[in-house]
């Protein structure tokens, strides 16, 4: 950590700071420049509260050299985290395809979609039971009944399931769920993250709408600091000024996170774009960039004019895409030297 | 609501849509253009799910004409909402000053600050007991003990208190709290909002880091739809590309919200900027723009080098600012025709 | 175009508006709703100034149904634009690779890089002679001498060249240049765009740092409206809150623009990320998303410690990447049904 | 400047770097940490190219301690820059009000508005002759004729004029212009900035749509580095996710720039919001925050339904606002201790 002092810092405050840092076992290297003095802090600075130091009257700015996350940091855990969920293996060179309806609507719907996506090679079933909606007047999901229907589909197909939790009070309903998803709007719901860190199921954290990689990894760190090491990161697009797509998928998140962390990275092209015809090119782009898997919405009900989500693929389109994705994944593996 | 259809829409789907809309009591005016057909929906469209309609294969885009919020909408409630909390009156032409420490640290600290800000004219005491922090390794607040200390200060000074809730499980501890604050990162924690709508204390909702006015008002609507009409909005800066200030205070929020909603609007210049020397000019700007009040951090401990928050004013500086703000508020009232 | 009127619009102003629109040959369909009246404008609205209409006292908002660009619009020009530059063919299913140094530095450097990238399959040579720099104290490029060195490399290798113009006054120096690049910061330098529309060389327009697709296409329209139809679009990343990468590459721009326009779309993963190790995964992602080509920085001078741009690949790394990109492009072509 | 090295840097490259820095007269302080080595560079680092250093293989990141701008930096020029333009004085505690129509449309219009704003206390006349428009099909301003009409109004009223230049080729027409405005989209048109630095008229630089303070000050530095010290900065709102207002006015720019630079700061609430009813509260907020002046659109033609810009005030509304602004400016001056 580097502390840049203001010009002519108060001597007493500077001494206080240096004594306090030394009491924490930190060594201090001082560089006196023409206009500024710089303190280089050497030692384990990961537990120092950067805001407290930046708050000092005598400090102009503070810059971390070490990342503030430890458990999620590849530097300290060079091996890829691989998570086994039923028959699905997430991370470690596999391509995990999680597919299913945006919202669980009926037994018929979820069973039909589950069977279809399994036949196309999907390894997990996704589906929303609790739906975060901007408006209190919009459909909020089937709730507990939705989870029951997902369990049913799991028993029928053998596909492990991933679904979103919105509040701690729902956790009891998640017994049969295999991976618990934390939505973008809850990425910094720290109490929820802590509670999910204190249980054993894998947790998939979607990136916040305008969050940085570091904030996202700190949310993973909240879960991991409580003991749960099975965290999956899911890029789902960030808010930008572009309005043609709902969000802007940040494909670079895949190779950047590959370097920063050992956790698997999944990409959700459906929510990112909000338009089904953009899902195939972006799913392929994610595979080409090295993603560990995809989260894709599939819907099956051509009769119901009002439910065919604009971002959902029909099973036939999904089947075609799945084949292409797996072939591309193989092609790129073989292209490696 | 206006529905713009894609070119050459499928006739059966179009009929389905029109029948479904009519079954909801909506009248439809059709304009056939050279390249597009447009449906003008007339009637109470506030309960129509815009996403479902936009999701249809035959629909190119949908545009709301009515705002999606009703309870928070000034069009339907032209009178200012005025909230009485102890002796403090929020809204309706008053200037409410909520002041106090960022974090509650000790009895001595909170009492000293509470007395000081009261003497300077503050009408409410603010202070953090539960602190949302990006890092699990940072100080997370005193929790229940922090609330106990705030109550103590309330009894000593008579100032009503406002403090942040982070999770529903904490609600039992808030008996003695007067206004419950929802933090920026929880602005779209919909379960929390619903629960706060089902209780009686006023709720102050901070704007999310990259939220629009409409999203913010929809969060107020979540609370109000459950029956609690006492909602306060707090502008605290939004995330922009500027890094000199922690966030960018959006002063225009004040006059824009004044027009869109009848709810009181408070401005927090301390969190917005993260720098104490920027608090006075921005507090004055907020008053000049017509804010109903301010939320200002005040800290009192010059001895403790490590706690002097970079965004906190000392009591003397706060006193000077408070005098100026009240004088400015009076000046502007008198300047009105 | 749809015009949403304010509640109770002034009758005289409304009549003025309707008469004025009709005088422009526009038909008007009126829908009277409970709270708003909506005018549906039918006819050629592309020349109507949306800002003027939105500016009227009686108008609440205006929504375009037709896109404001015509020459660049795929609806009116369904065939892909294919641009022939020397032996290079841009668009129409080919994969154009433009490679070379960020800045032209010396004859030796540019010749060595040009030969190397040609051997790896690049079809055009890129290189900066005029460099837009944030600081007046930074190196601003070799200027005219840089262009001379690029011409030399063109004669040696046969590769057509693409380089950036910063100001109209430089145009005389561009005789030997094959494609003129307009940088991100000049995307809305409308006088420059008009002048480039009045000459014959193809123009490659980089997307502005925070521009939308529509603004970008309107910049292409500026060139095309003057008669020059040979416009190439280059996605180079947009500004977001993420600081790990210099910009965020918007891969979705490729399939979205494919639908909106017939112009070729090139992707620049070097500038987007600012880090050479991110170039290969993002270049592959761009190919997978369907890009017409790539713009890639290649540098050759391992001895000169101070010039090895962090975003530049060495020729060997570029050679490996080029092979992979071409193989991937073939793979995806064959995977099409 | 601080250079943070990657772990285990190549020794030869490190030596090259150190020798090169020392050859520039820079002293180097080295701190060896557990995971990183840090170089503290002491001396005049303002001419070092930070990008070149960051580009080195052995460098993880570089952090400036000194600001990269010198001429615009208050640290080196503590006194406020005050610019005299005719009878108007910009900076140094005055409140300069520049008012006039968005576009110059006719002699009658510009004369009437000029007289009205002068009577209300405006000290400069603004008006657009060359208008940057997103669409090539929108009205682009009267050009040379617009400048002629502004000159006429200047002779009639004595008000100095400020108007926008879009391209160097227009400079000859600006003989009678008093302050040359550089628009937001040209903020980083570096050739234009250099040329304006080589002439003598004051230059007012509008902030780019998504520019940081530092980038903005570097644009001022481009002008100043060529010798022209009379630069004015104009905050006109930045692009954010909010769509209710055209841009988000960053009032904090005023006190932040006051600290960073000695140049005067003007605020444009008309363009920032795009709505005339938001101009008065934001103009007052800007005065309360300490702005040196305002740029306000005033329009006078109630008959012409199609030209009444949504962001323009009528003369009567402007008159009321001007009185309030001057009174507020006086009030705040007297409130200072």
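Each chain gets a letter, A, B, C and D, in the order it is written, and its residues are counted from 1.
What we mean here is this: a contact is a pair of C-beta atoms (placed from the backbone, for glycine too) under 8 Å apart; a residue touches a chain by one contact, two chains touch by 3 or more.
What you see is a predicted model; the values in this text were computed from it and never measured.
Ranking all chains by how far their C-alpha centres lie from the centre of chain D, first place goes to A.
When the interfaces A-D and B-D are ranked by C-beta pairs in contact, the top one is B-D.
Separating the centre of chain B from that of chain D, both taken as means of CA atoms, is a distance of 31 Å. Inter-chain spacing, taken between the CA centroids of chain A and chain B, is 27 Å. Chain geometry summary: the mean Cα position of chain A and that of chain D are 40 Å apart. Contacts with at least two other chains are made by residues 210, 239, 241 of chain B. Those residues of chain A lying in contact with chain C across their complex are 210-214, 238, 240-245, 248-252, 254-256, 259-260, 272-273, 277-278, 281-282, 284-290, 320, 324, 327-328, 331-332, 335, 337.
For chain C in complex with chain B, the residues that touch the partner chain are 2, 4, 29, 31-36, 38, 40-44, 60, 63, 65-66, 75, 239, 241. Against chain B, the residues of chain A that register as touching in their complex are 13, 16-17, 20, 46-47, 49, 51-57, 68, 132-139, 166-169, 185-186, 188-192, 194, 209-210, 215, 218, 221-222, 225, 239, 305-311.
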